[in-house]
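Reviewing the structure listed below.
Letters are used for the chains, namely A, B and C, taken in the order the chains are written, and counting of residues starts over at 1 for each.
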Amino acid sequence: MLLDYIKILLLVIISIGTVCVKSKTLSICKSCKIKQIKTAIKLSRSGDTIIINKGFYSEGLITIDKPISLIGKNNPVVDGGNQGHVFYIRSNNVNIKNLTIQNSGMSYVSDFSGIRIEQSKNCIFKNNKLINTTYAIYLSKVQGCIIEGNRIIGSAKKESSAGNGVHLFYSNAIKVKNNNIQGHRDGLYFEFAEDSFITYNNSHNNLRFGMHFMFSHNNTFNYNIFSDNPTGVAIMYSRNLKVHKNIFQRSQGNSSYGFLIKEITDSQFIENIFTQNTWGIFLNASNRNLFKKNTFQLNGWAAEVYSNSYDNKFIENNFLLNNFDVATNSRRNTSQFSSNYWDKYKGYDLNYDKKGDIPYRPVSIFSFWVSNFPELAILLNSPMTSFLEVAEHFFPAFTPGELKDTSPSMLVIKIKPLNNNINKF
Amino acid sequence: MLLNLKNIFNNTIIKVLQFEFYENLRNKWVFYYSGLFFILTYLIIRFGGAQPLQASGSLLSLVILLVPIFSLIFGSVSFIETLGFMELMAAQPVKRSSIYIGKCLGLSISLSMSFLLGMGLAIILSLSHSDKGLGTIIMLLVLGVMLSFVFVSFAFLLANLSNKKEIVLGLVLTIWFYFFILHDLIMFGVVVSFGDYPLEWLILTMSALNPIDLSRVIITLHMDLSSLMGASGALIYNFFGGAKGIVLGMSMLCLWFTAPLLIGIKIFNKRNL
Amino acid sequence: MSNTNNTLKINHLSKKFGKTIVLQDVSLSVSQGSTYALLGPNGSGKTTLLKSLMGSIFYDTGSVYFNGKVNTNATDYKKDITYMPQIPGLLPNLSPKESIGLLINLRQKEPVFKQQLIDDLGIKTFWNRPFSKLSGGMKQKINILQCFMFESNIIFLDEPTSSLDPQVASYVKKWIKKLKENNKTILFTSHIMSEVEDIADKMALLNDGKILFEVSPKEFTKKYQAKNLEEAMVKYWSSDVT
């Protein structure tokens, strides 16, 4: 026990000593002795801090190969001059804070980035502004990084030439927090990224997806907002995800989904809000997932569940003001609905258990036709659709009879309102 | 330009319009029409759904159901029943077209007022505390007025195709049935049969060819409940979406008023009274 | 005004409804200040002829002269003509006061005899009642009012007294005589022979859209040695049949 204390004490003394003795701070500005970031990096040693003062620094590719910190003061601008990466990092423990990083190169061959880091550990990129970069922050084979409070504004025009806001490739244990991303192909993109936390980000107005990931297991994403993307979030081929308290809104258009879920298994989707999307969620070949206490509001379809998805549970969700609640592509039912609140439910509760006495069937015939022929959406609210509903009621031929909520809630499920906005930009 | 406008919209039109308006103001059916809108609107808002947004969907259905059929029947019957007076007016030194336009406008304005009064009053009484969706409601009222004009103009045209009341009423009901349901059924059939081909332009054209569809699509796209419309395809979505879409759609409705009016005048000018 | 020729002339007017001929080469002339009666069985084309002159019906061929050639598609010539249809039609929910007001408004001419007619015919009692609530006789009185209230040079009357009670009928006849005294030109249809005899200077008999003859009632009576026009007409028809 005593030995432990001595050990800790020694460690503290040594570390303080290291800081005092070894690390120094270099300052650069137009009128300073050191005028260039590159010179400062050359002069620095591991653990040093470089303060970059107000100014415009256009030095081409800046490579960082030792553990140093770059900290901006009074909003300095580092310009890549539309050539290659702006920062290329190949070292552990690199920090970049408070910089405006702009104008990376664009190439169809290389993924040019504002900050590109490879095969390193423990980086921190915080409170930077990344403007007009193809990829803003690109992590390749990195571990234990924090990406926080960055404002990322891309100017992507075409999917083929565009890159992503935060791009993770074979990277684990990354924390992506409170970033505001727009104007990229995908706001956030993960491929083979595991054990990461994605929280409080706001990804909006991107070209393709607010967030996209594949082959990325055991991730948590909470309190994010995905709005006005062609598709809010598309996730594929992953398992054990925790998706809590996110907002997916205004993904509108032909094949526009708030949340596209393909081959995802054993994951939890709890207390999210899906609103004003053409499709709220789209579930394809995904099994054993739990959807609980989510709010589906003002969507075209709240949920489309393909019958190749098995054993998904929808419990205590609120379905409010959607054009259609549930759609599916077959007459077979493979999921379970219970205790949800459906605003279209017209049943009664004679035994006062707050559950409707007759089951609710959320699939309508017009919804079936529109799922198969999306152009038919233009007939929404047409008196003709009532004819279809009546015909289907008497001669059911297309809708799955077994897809039903046998205990629909009579009351709106109480869910704490979300406040996902901590961004201050 | 101004001179021209004055010429077209001359004194006679205003006079005929005025008296036609007074005439219909005292018609009990116009009064019932207003009352029906008041009661149904009030019931829909009160009991139709938990939220005002849900109500606006039902109100849209009410408008596209009642306004066309009433305007058609009332317009054509009124035209036929006042042919005697039109003959007397035509014996005065005034142009027939002025009589026709004056009567058409006067009748359309009375029906519009009746509709606005009935629905508007019910909305003011029951929605006064929540202005959410107010824009949609106002647009619905505007479209209801435009539909009144369109279908009165249609009714007059049909009333000029035959001297027999039964034939005119038959035509009126056929036209109504076509625009109300048959047109959409055909659209449905076309999409389901040829769904593999790109149909956006066809659908766009088809919905512009039906004034009821036009108003339905305009309002549906601008309701907060419109997320589904995204599925209909970018072309349609962009065409009717936004302020531009409202202007475009409403201009088309104006055409739907003007075209039958002009054709009707042409026939009326040659008609034996 | 004296030098204008107010004679109404109709030259070779023809009209077909589909395949039915309703007017066939009709020619006649009514000199200023005279009264002219159109006689004939139902469907002989009397009303069609009047309506053609008013521009309510468009004739196929022929021409009409009155102050020069008249284009019945135009409107200006109607300033000097008033017309009394057989069946009066006003807007059903408006009172006579309002509908008559509109007609005055449209013609933009002083209705010089309006007040006199209202007083004489006792129109005041229903002057403000909706037209649809009036009896047939009341409606006829309004019809007389709308036609006679203007001072115009030519007057067309379609069966002016056929559905009137005797008092009103004699009032109308008196009015027509007064118009004639004032040098107005009157063309009317009728099948009441006593009336024709009483007021017409000249008459034409129409049958199947054709004018059979044009004659003065007195001469016609004389020709058939009858004591009145009605008897002459009966004689004419029986002789015509044989």
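FYI, a contact is a pair of C-beta atoms (placed from the backbone, for glycine too) under 8 Å apart; a residue touches a chain by one contact, two chains touch by 3 or more.
For clarity, every value in this text was computed on a predicted model and none was experimentally measured.
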Steps needed, at minimum, to go from subunit A to subunit C via contacts: 2
Chain of greatest Cα-centre distance to subunit B: A
Core chain by centroid distance, with centroids computed from Cα atoms only: B
Selected pair, greater C-beta contact count between B-C and A-B: A-B
Subunit A and subunit C, separation of their C-alpha mean positions in angstrom: 89
Centroid distance [mean C-alpha coordinates] between subunit B and subunit A, Å: 47
Inter-centroid spacing, subunit C versus subunit B (mean Cα positions, whole Å): 42
Residue ranges of subunit A touching subunit B (in the complex, touch as defined): 252-256, 276-279, 298-301, 320-324, 343, 369-370, 372-384, 387-388
Of subunit B, residues touching subunit A in the complex: 49-51, 53-54, 57, 60-61, 64-65, 180-181, 184-185, 187-188, 191-192, 195, 199-200, 203, 207, 213, 216-217, 220, 224-225, 227-234, 236-237
Residue numbers on subunit B that touch subunit C, as the complex places them: 12, 15-16, 19-20, 22-24, 26-27, 81-85, 87-95, 270, 272-273
Of subunit C, residues touching subunit B in the complex: 17, 51, 54-58, 75-79, 81-83, 85, 87-94, 98-99, 102-103, 105-107, 130, 146
